[in-house]
Every structure is written in structure tokens, then in C-alpha cells.
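Okay, so here's the structure we're looking at.
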Amino acid sequence: MSIDARLAELGIELPVAAAPVAAYVPVVVHGGVAYVSGQLPFVDGALVKGRLGENVPMEDGVAAARACGLMILAQLKAALGSLDRVERVVKLGAFVSSSADFEGQPKIANGASELMADVFGEAGKHARSAVGVPVLPLGAAVEVDAIVAIRAD
Amino acid sequence: MSIDARLAELGIELPVAAAPVAAYVPVVVHGGVAYVSGQLPFVDGALVKGRLGENVPMEDGVAAARACGLMILAQLKAALGSLDRVERVVKLGAFVSSSADFEGQPKIANGASELMADVFGEAGKHARSAVGVPVLPLGAAVEVDAIVAIRAD
Amino acid sequence: MSIDARLAELGIELPVAAAPVAAYVPVVVHGGVAYVSGQLPFVDGALVKGRLGENVPMEDGVAAARACGLMILAQLKAALGSLDRVERVVKLGAFVSSSADFEGQPKIANGASELMADVFGEAGKHARSAVGVPVLPLGAAVEVDAIVAIRAD
């Protein structure tokens, strides 16, 4: 099954690949590896802002991380032409805007991690780091970047 | 000398490789490079919690970073079969739970860095980033991830 | 045009490559990729300290990020012999010391990103993550690390 068919089966519609908010590019491919810039969470076109443990409930944080994951997929599709070229999701880096006493970054980051497993199966199982940060660009609740192994065109 | 022999010489016993606290895997190998997920510090089986500059003394922070490094080794051994397959420790990423005025992240991260040099010699000399964060998963004091070049099986 | 000539044309003089502040090395090259350790911002030999949104104005923050970028170039030149070996700047990781309400990390990180585009043209266009952190080593305002694809000697 193609990844597009799998996305349809899951009822997932990818967002429009967002333009970088500054002087860089969304994806660089080198040596069979795609490096995806840190993606912010857009849900219904609006940025999910705020801080876990303060003004963003857990379920909204998980949804925000999933939205970052969807934007990673959208950027990969735009850069590669097809998500069928994804060989393996190698690593996700999850940054969670957190109050000083919020320790649930792994649960939040799962929003992105479980998306990758849902979409790519075994090839979606990745290494990961998840950390708390005090604040993110534009006040976003979560930011996720990715390293993805790809097949030749 | 094998790395196992070197560990014995150093009096180091690796911890049991911890299960990921969420939906990801500890190590992904692609293209001769192992990406190790962010590891938390377990000392005598207990997570080292707290924040440098607040309620974790320097020496405990250094020991915590070393414990993260030991867990990286344990994860690599579990994934690769043998640490003799390590060709080069390429990069460590150290996240140190820090009060707003704690600026000693490099000294803390050395706990992991010096371990790599002790165990692997020249092959243990790596690039590194060390930053302060307000909070880490489960309240951990330190988290370290790694990129490691490996030899074919 | 060589990169040295391009630097001269831009009126850029690289700083002396700073020694690591701890037990690691500035650059590791493996498999055609250079991993550059997190670099701190030195302007006229002095570390730019402080926190964006608190006691570091925007323009000083941008200059600090550019200074991190210059130090990345200095480290690459010292490690590679010549910046002409740079094939592509693949990824920058920007950590911006930020007050809890400072959301302008992308503008700050542009100080490093625009430098790469100025110096390397198309080859300088990179993927990027930019996040806020509460504090950095030695109280630095910005830290930037890099992944750079290089040509054989």
C-alpha cells in the first residue's frame, strides 16, 4: 500500500507545507538522509500556542505534537515528491514548552511518535529526544524536528 | 583489548538497558550510524531527579550525566551485540535541568564526555552541545542523546 | 571564487577557533559529514552574555548568533584545512537564552543562518531548529551547533 493510501485509510489529510519563518529551508537531503527543520503545530491553520503545565491541557499538547508530525510529513512530501521514498524515520527531536514543574514531555511527544508508527509501521519506529523548554518561536506549544532516511528517487 | 575488558578494567558495570518511556525505540542504526535516544540518569536503579543550581549539587549532576552515558553504552550494546562495533562517538547532546542562573552545563556534561574518552580512547572523542533546560522528562536532572559511528557486523 | 576570497569580499575576518570549554572536540568528521560542537558567541573576544527579552536587545542577539556562525566557520576551517571543502550546510541547531515571554528565536537565529547564505550561497541554505532555553554555558546569550556535508580532501 502506498503511504498516500495509508494516510487516506487513517483519515489523515496533510496540511499545506508551511514556509520557514526565517532564513532557512524546510528540508535538506544529503547522502540518503533528509534533515527536516523544526516544525511548529498548526491545527486548522492556527498555531497552537502556550505552555504545558500552565495553559495547554495534556490532550491539546499531544494534538500539537501530532500536528508537528503532520507538518514534518507535509514537508517531506513537498521535498521528496512522495512519502513512499521514506525508508526509515531515524530520529525525532521534540521540544515541549513547559512550566518548571511539567514532567510529561514523553507523553506529549508521543503525539508525533505514534503518528509515525501509524503511517509507516516498522519504518516509523525512531530514536527520540524529548525535553522541556521555557518558550518556543511565536509562542508555540511544541516544536519537532526530524532525521529521515530516504530511498533514491 | 575488547571494550568489555576495558569496562571491567575501569570497574564499570553497565546498567540494564532501560525501556523507552514512550512510543519510540532506544537506538536506530542507518548507514553505519547509530542514533541513540535521549537517555535519563539512573544511579543504583533510581532516577536522579532535580535541577542544577537549585537542589542537585555539582557532583551529583556530573554523576547523573555519567549515568546517562552508561545508559547510552548499555543501549548500544543491546542494539549492536558488542561495543567493539563502535567506531567513533560522533556527537553527544546534553540537556541539563538548570535554574535560571546555573551556567555550569559544560562541567555537568563532562560526566558523559569523560566516560566516552575513558572507555573508547581516541574513538571516544566527540562533538557536543550542552544547554540548560527548565525541566526534563520525569523530572530528571540530565538527559543525553548520541550519534555513534559503527562498523559493519 | 574561493570561500576565503568570498569572506574577504564580505569583509569577514574569522575569529580564532575557540578551545572547547570541556572534555570534547570542536569538530568530528565521519562519512563525509562534519559535526560541529555547539559554539558560543564571542564578539571582539568577549562572550556575549545574557538573555533575550530581559537584558539583551534584539540586534545584539542577532549579532551573537552571527558570532556563533563565525565560530562554526572558524572551527570548520581549522578542522578541514579549507572552507572550500564545504559541500552543503545541512542543519543548524540554535539555542537562544530567552525570558519566558520572548518568542523571537527565529529572528535571532537568522544571524547565523544569513551568514551561511552570504558565505556559501545556495550551499549555505540549511535546515534549522531554533528553541528558547533558560540559560546556556557561561551565561551565553546564544549557542549554535551544525551538521555540514564536506567534500573529500
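Chains: A, B and C, in written order; residue numbering restarts at 1 for each.
Everything that follows uses one rule, which is that a contact is a pair of C-beta atoms (placed from the backbone, for glycine too) under 8 Å apart; a residue touches a chain by one contact, two chains touch by 3 or more.
This structure is a prediction, so every number in the text was calculated from the model and none was measured.
Comparing the residue numbers each copy contributes, chain A and chain C share less than half of them at their mutual interface.
In this entry, chain A maps onto chain B through a rotation of 120 degrees when their C-alpha atoms are superposed, rounded to the nearest 5. With centres set at the average Cα position, the gap from chain A to chain C is 25 Å.
Counting partner chains per residue, chain B has residues 31, 133-134 touching two or more of them.
The residues of chain C lying in touch with chain B in their complex are 20-28, 30-31, 35-38, 93, 95, 133-139, 143, 145. Interface residues of chain C, counted against chain A in their complex, comprise 31-33, 87-88, 90-92, 98-107, 109-110, 113-114, 117, 125-134, 147, 149.
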